[in-house]
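We just call them A, B, C and D in the order they show up, numbering each chain from 1.
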Amino acid sequence: MFEKALKGNRAYWIWVAVLVLLAGAGVHGYRVQGAEGLASTGMGVGAVWGIYNAQLPFLAGLAASALFILVPERLMKQTGLSAAAPLSAFLAAVASAMSLLFLAAGFGMPSRIPTLFVNLSPSAPVSWYAPALLLYLLLSLGAGWSLLGARRKGTTPPRWLRALVVVAVPVGLALPVIAAFMLAVMPTHGLWTSAMLAPRILVSGLAAGMGLLLVMVVAMRRSAGAEEGRELAGRLSGYTAMAGLASLCFVGLDAGTAFLGNLPSETYALRLLYSDMAREALPVAYVPFAGLPSVLLASGAVSVLLLFLPAVRRGNLLPALAGLLIAVSAWFDRGPGLILAGQATPGGGEVYAPALPDMLVTIGIWAGGALLLTALLKVTLSVRRERGMA
Amino acid sequence: MNEERRTFMKKAGLGLMAGFGAAAIASSPLFERVAASAWAAAPKRPGTRWGMVIDTRRCREGCSACVDACRLSHNVPTFSDPRRRVEWIHREEGRALLGSACATQKLLPALCNHCEEPSCVRSCPTDSIFRRRDGIVAVDYHRCIGCRSCMLGCPYGEVSFNWSDPRPAITEPTPDYPTRQQGVVEKCNFCSDRLKRGLQPSCSSRCPEGAMTFGDLNDPDSAVRRLLASSDSMRRKPELGTEPKVYYII
Amino acid sequence: MPSKKILIGAAAALMLLAAAYLATGAETGLVSDPASAAAPDTTGCIYPKEYMHSHHMQVLADWKEHAAHEGPDAVMTAPDGRRFQKDLATCLGCHSDNRQFCFSCHTYANVKPNCWNCHISPQDLP
Amino acid sequence: MKKVFLPLIWVALLSCIPYVGVAYFGMSYIFGVVIPYLAALLFIGGFSWRIYDWLSRPVPFCITTTCGQEKSLDWIAHQKLESPATKWQAALRVMTEVLFFRSLFRNTKAELHTGPQLAYASSKWLWMGGLAFHWSLLVIGLRHARFFFMEPPLFIRLVERTDRFFELTLPAFYMTDALVLTAITFLVFRRLRDAKLRIISLQTDFFPLFLIGAIALVGMSMRYVEKVDVMAVKAQMMNLLSFSFAAPVEIGPFFYVHLFLASVLAVYFPFSKLMHAGAIFLSPTRNLANNSREKRHVNPWNKPIKFRTYAEYEDEYREKMKKAGLPVEKD
C-alpha cells in the first residue's frame, strides 16, 4: 500500500520537498549538537531539560488519544467512527515516533541508546518510556495499517486487531502516566510534583488529538469530495469541546491550588508564563514572544467555547480552525509551558530559550513527523478514492 | 527587578520559611544531635558507610583549598560560562546552603551528599548512577546516556553535565585519574579512587584548617562519629528524606 | 489443549527462574574482600599472553563494569591465585612502560576503541 | 523435508572439515593458503566465464518486460522507468532494480477471505527482508577491508564507523551483524512457512542461505564469543593479498572454518543461482530499451536475406520475355 505515498501531484511533492528540507535542517542542527555538545543548545545548568523534553508530555497525551477512537470503534462496534479510526491510529504512531526522536535528541550520548533497553532500571520512569513508546508505535501503526488494508481489500478487519487494541489500551494509557511521573519524581520542581499531571496530560492530549482529527477529517472531506464525514466531524467537534473544557478546568484547578495555597515555585512558574514577568527573564530575542502563552491559552479557551455553539459546529472551516487552535494551545500548556517554566526558579537568572541547533532539531523532528503523517494520510486518501470509485 | 516582582519574591520567601517552620515543629528538627544511641536506633545498612562532617566554624573566609584540590585531582574542567559549569565541590553562602537557621554569610563547601536514599539514583533510567555497598553514590561514566534526569532529581544541584568536551577546559591534567567526555554527567565520588589506595579524600586532606572530617559513619570510634556526638549538626534539606551523609556543624 | 498451555507456562516460568538464579548467582559470586592496598603484582599478566592477545577487550569490558560499580570490592583472582584490583590503572601499571603498547596493534588492525575519550592515554603524557 | 535438512547437513559437514583438519591434523597451510587461492582463482575464472558466456549469447528479440506506458505520441505521458525508451533509461531501471529491488516492491499476495472473497494485499516483506539482507552483506563485505588494507579508504572507514555507532559490546557491536542474522532467519522461514513456497523451494535455495548464515555466525562468534587473534588474521590476509605462500601463524580454528566456508561460497558462486549478482545486469528483459517501434531490432544470427530485384529478374529472362512478347523495361 505504501507505494500510494509515492504517487502524487506537483503540490504534494512540493510539500514533501519542503518537509524534507526542514528535516534536513534538523539533521544539520543535530550534527552541530553532536560535534559541539549540548553547549551549543540553549540548555544549561539553569534549564537542564530544554525544548526536546518539552514536547514529550504533549505527544504522550496525543498518542494516547487514539485509544478514545480505537476502543469504541473496534471493541464497542461504534461504526460511526470507522472513518476516523485509521487516522487516529496514524496520529498516535506519528506522535510515538516523534516522542522517540525527541527523547533521543536530548541525550548527551546517543550512541548509548541501547543501554536504555539493556540496563532497564524499574525505579526510573524514563526507563519505561522508550520501551512503551516503541511498543505503542508498533501497535498503533499495525492497527492503522491493517484497518486501512482491510478497507482497501473491502474485507472486514482481521480478528486479531481486537486483541491488539486491547493490548494497546494499557500501553497507551501508560504513556501520559510515565510522562507525568518522569516530571513528578523531581523533588524540588513545584510545578511538576502534582498528582494532577497525568490526567492533565491525558485530557489535554485528548483535546489536541480530537482537534487534529477534526482538522484531518474536514480536510479529507474537502479533498476527497465525500459527504460521509459530516456526522463524524460533528461527533469529533463534540469530543474536542468536552476534552478542551476538562483541560481548561484542570488548568484552573492547578492554578487555584497554586495561588490559594501560595505555593512559591508554582506561582512563580505560572506568573512567569502568564504575567509580564517573562519580559524580564527571557533573553532579548525572545521578548516579543513573552505574551504567547497568554494568547495561546485565551485562543484555546475561545475555541472550546466556539465548539460548544451548534451554529459553529455545523460549519466546515470554523470547527477545523478551532480544533487546530485547541491543539496548539494544548501543546503549549502541556509542552514548553510545563517543562520550561517548571525549571525556572525564583531568582534563578535567565530563563531557558532555545538556541539555533535545538531550534533546528525541533523543527526537523516536527517536519519528520509531518512527513510521516503526510505519507500515511496520502495512503489513506488514495485508498478512500480507490474504494469510492469502485 | 521591579516592585511587583520584589514583593512577590518576599512573599514567596515567607511562604517557604513558613513551610520550613511547620516541618520543624512537626517532625524533623533543623538541628540534629546525632548521638550514639540515635545511630544504634536508626535503620542502617551494615559495613562501611562513608560520610563527612564539615565544621563551618573552622572554615576560613576566602579559602578555596578544597575546591582547588578537587579540581586538580579529578580533572574537573573549568568553564567560564556559568551555565556550563562543572563542579564536584563548590562554595556557597551558608544561608543559601543550609537555610535561614544558618546565620553565617561565609562561603561553605558544598558537595554531593551521598544520600542514603538518593533521588538521583531513583531517576536514572540506566542504573549508571547507583548507591555502592559502602554508601558512596557513584556514576558509571561508561554507561551514562546523558539524559540528565539525575540533575533534575538531585535536590542539591550537585550533579554536573559535560555540556561540551571537557578536555580543553582542564588546565592541569592529572594523569592518574581519567577525564570525562562530552555528554555524560559527573559528580563528586567521595574520592573512591583515593579510598581504594588508603588515602583520605583530597578536599579534606588539603583543608588547611582541618575543617572537613571524613570517615565511616557506622564505626562508633571514627572521627566523624565523635564529632557528630560532640556538637549539633545540620544537613541540607533534611525534610526531603534523602538522608544526606554530609553534615555541617555551625 | 489446556495441558499444553500449562506446559508452556511452566517452561516459561522455569526459564525465568533459571535466569533470575543465574543473574543473582553471577552477582553474589563477585562479592569478595578488597585486595590489599599494596602495589599490583607485576610478575606477570593476569592471563597468558596468547589469551590476552585475543580476549583483552572482554577482560577490559568486565573490569570496567565491575570497577565502576563495586569500587574496592572489584577484585579478580587470576587462575594462579594472585589477586588484582580491577582497575585500568592496574593494567597501565605494567603496560605504560611501552607507550606504543595499545596503539601499535590497534593501528595495524584498524581498531579504534573509545577508552581514551576519558582515560588519559600514555601517548598523551609528556 | 529432505531438501531442507540435506543442505543443513552439508553446511555442518563443510564446517567440520577445516575444524578437524586444523585442530587435529595441523593442516593450516592447506586451509589458510592453498584453498583460499584456489577458491579465488575458481571464483574469478568462473565468474568471468559465466559473464563472457552470457555476453556472447545473441539476443534474438527485443523482449523488454514493461509495466508502463511506452514512449509514443507527444501528448501521452511516457513512463520513463517502467518502459524505458533509451539506453540511459534502461540503465537507470536496471540500477533501481539492483540497488532498491524495485520489482519486489510491487509484490502482492492473494488472500481468500470469508465470503468467499478474493483480495490482493500488497506484500512488502520479501522486499524488506531482501534489502536488509543484501545491503547488510555489502556493508559487512566492505567492513572486511580492514583486513586487506593497512588503512582502509575513507569511505569504508565512514561506513564502518556508522555501523558500530551504538555502544553495546566490546569489541564494538555492528548493527549489520544483527540485521543480517534477522534477515537470513526471515528468508529461511519465509520458504518454510508457506506450503506453496515450500513446494517450489529446492535444495539450491536453502544451501546458499545456510552457507551464508554459517559464515556470518562463525564470523560473529570469532568477534564476540570464541575469539581469535586479530593480528594474526590480518597478517594472514595481507599475506594472501601480496600473493605470498608463507605459512600462516597460529590462529584459532574458527578462523579457518570462516575462511573455508567463504572459499566454498566463492567456488559455489559462479556455478549456481548466486550468479544473479552478475546476471541481473545482463537480463535482456531488463537491460533493453522498449523501442521496438522506433528501431528495428535485428536478430544477429539471421542469415542475410537474399533480395532479388525486378531488374535482376529481367536481366536473366530478358531474352525469353522478348520472345514471348512480354514488355520489358530495358532493351
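List of remarks:
Operating definition for what follows: a contact is a pair of C-beta atoms (placed from the backbone, for glycine too) under 8 Å apart; a residue touches a chain by one contact, two chains touch by 3 or more.
Nothing here was measured: the structure is a model prediction, and the numbers come from that model.
C-beta contact counts were set side by side for A-D and B-C; B-C has more. Think of the whole protein's Cα atoms as having one middle point; the chain whose own Cα middle lies nearest to it is A. Subunit A and subunit C, compared by their mean Cα positions, are separated by 44 Å. The geometric centre of subunit B is 64 Å away from that of subunit D, both derived from CA atoms. Averaged C-alpha coordinates put the centre of subunit B at 31 Å from the centre of subunit C.
Multi-chain contact residues of subunit B, defined as those touching 2 or more other chains: 143. In subunit D, 167 are the positions where the chain touches two or more neighbouring chains simultaneously. In subunit A, the residues that reach two or more other chains under the touch definition are 109, 112-113, 115. If you sketch which chains touch which, the chains form one closed loop in which each chain touches exactly two neighbours. Interchain contacts (touch definition given at top) occur between A-B, A-D, B-C, C-D. Within the complex, the subunit D residues that touch subunit C are 146, 149-152, 157, 167, 169-172, 227-231, 234, 252. Considering their complex, residues 50, 53-55, 57-58, 60-61, 105, 108-111, 113-114 of subunit C touch subunit D.
Those residues of subunit A that touch subunit B in the complex are listed here as 36-40, 43-46, 48-49, 106-110, 112-113, 115-116, 119-121, 123-127, 129, 182, 185-189, 262-265, 267-268, 271, 277, 280, 343, 346-347. Taken together, the subunit B residues at the contact with subunit A in this complex read 1-2, 5, 8-9, 11-13, 15-16, 81-85, 119, 121-128, 143-149, 151-153, 155, 157, 160-165, 182-185, 240, 242. Considering their complex, residues 1-3, 109, 111-115, 118, 149, 153-156 of subunit A touch subunit D.
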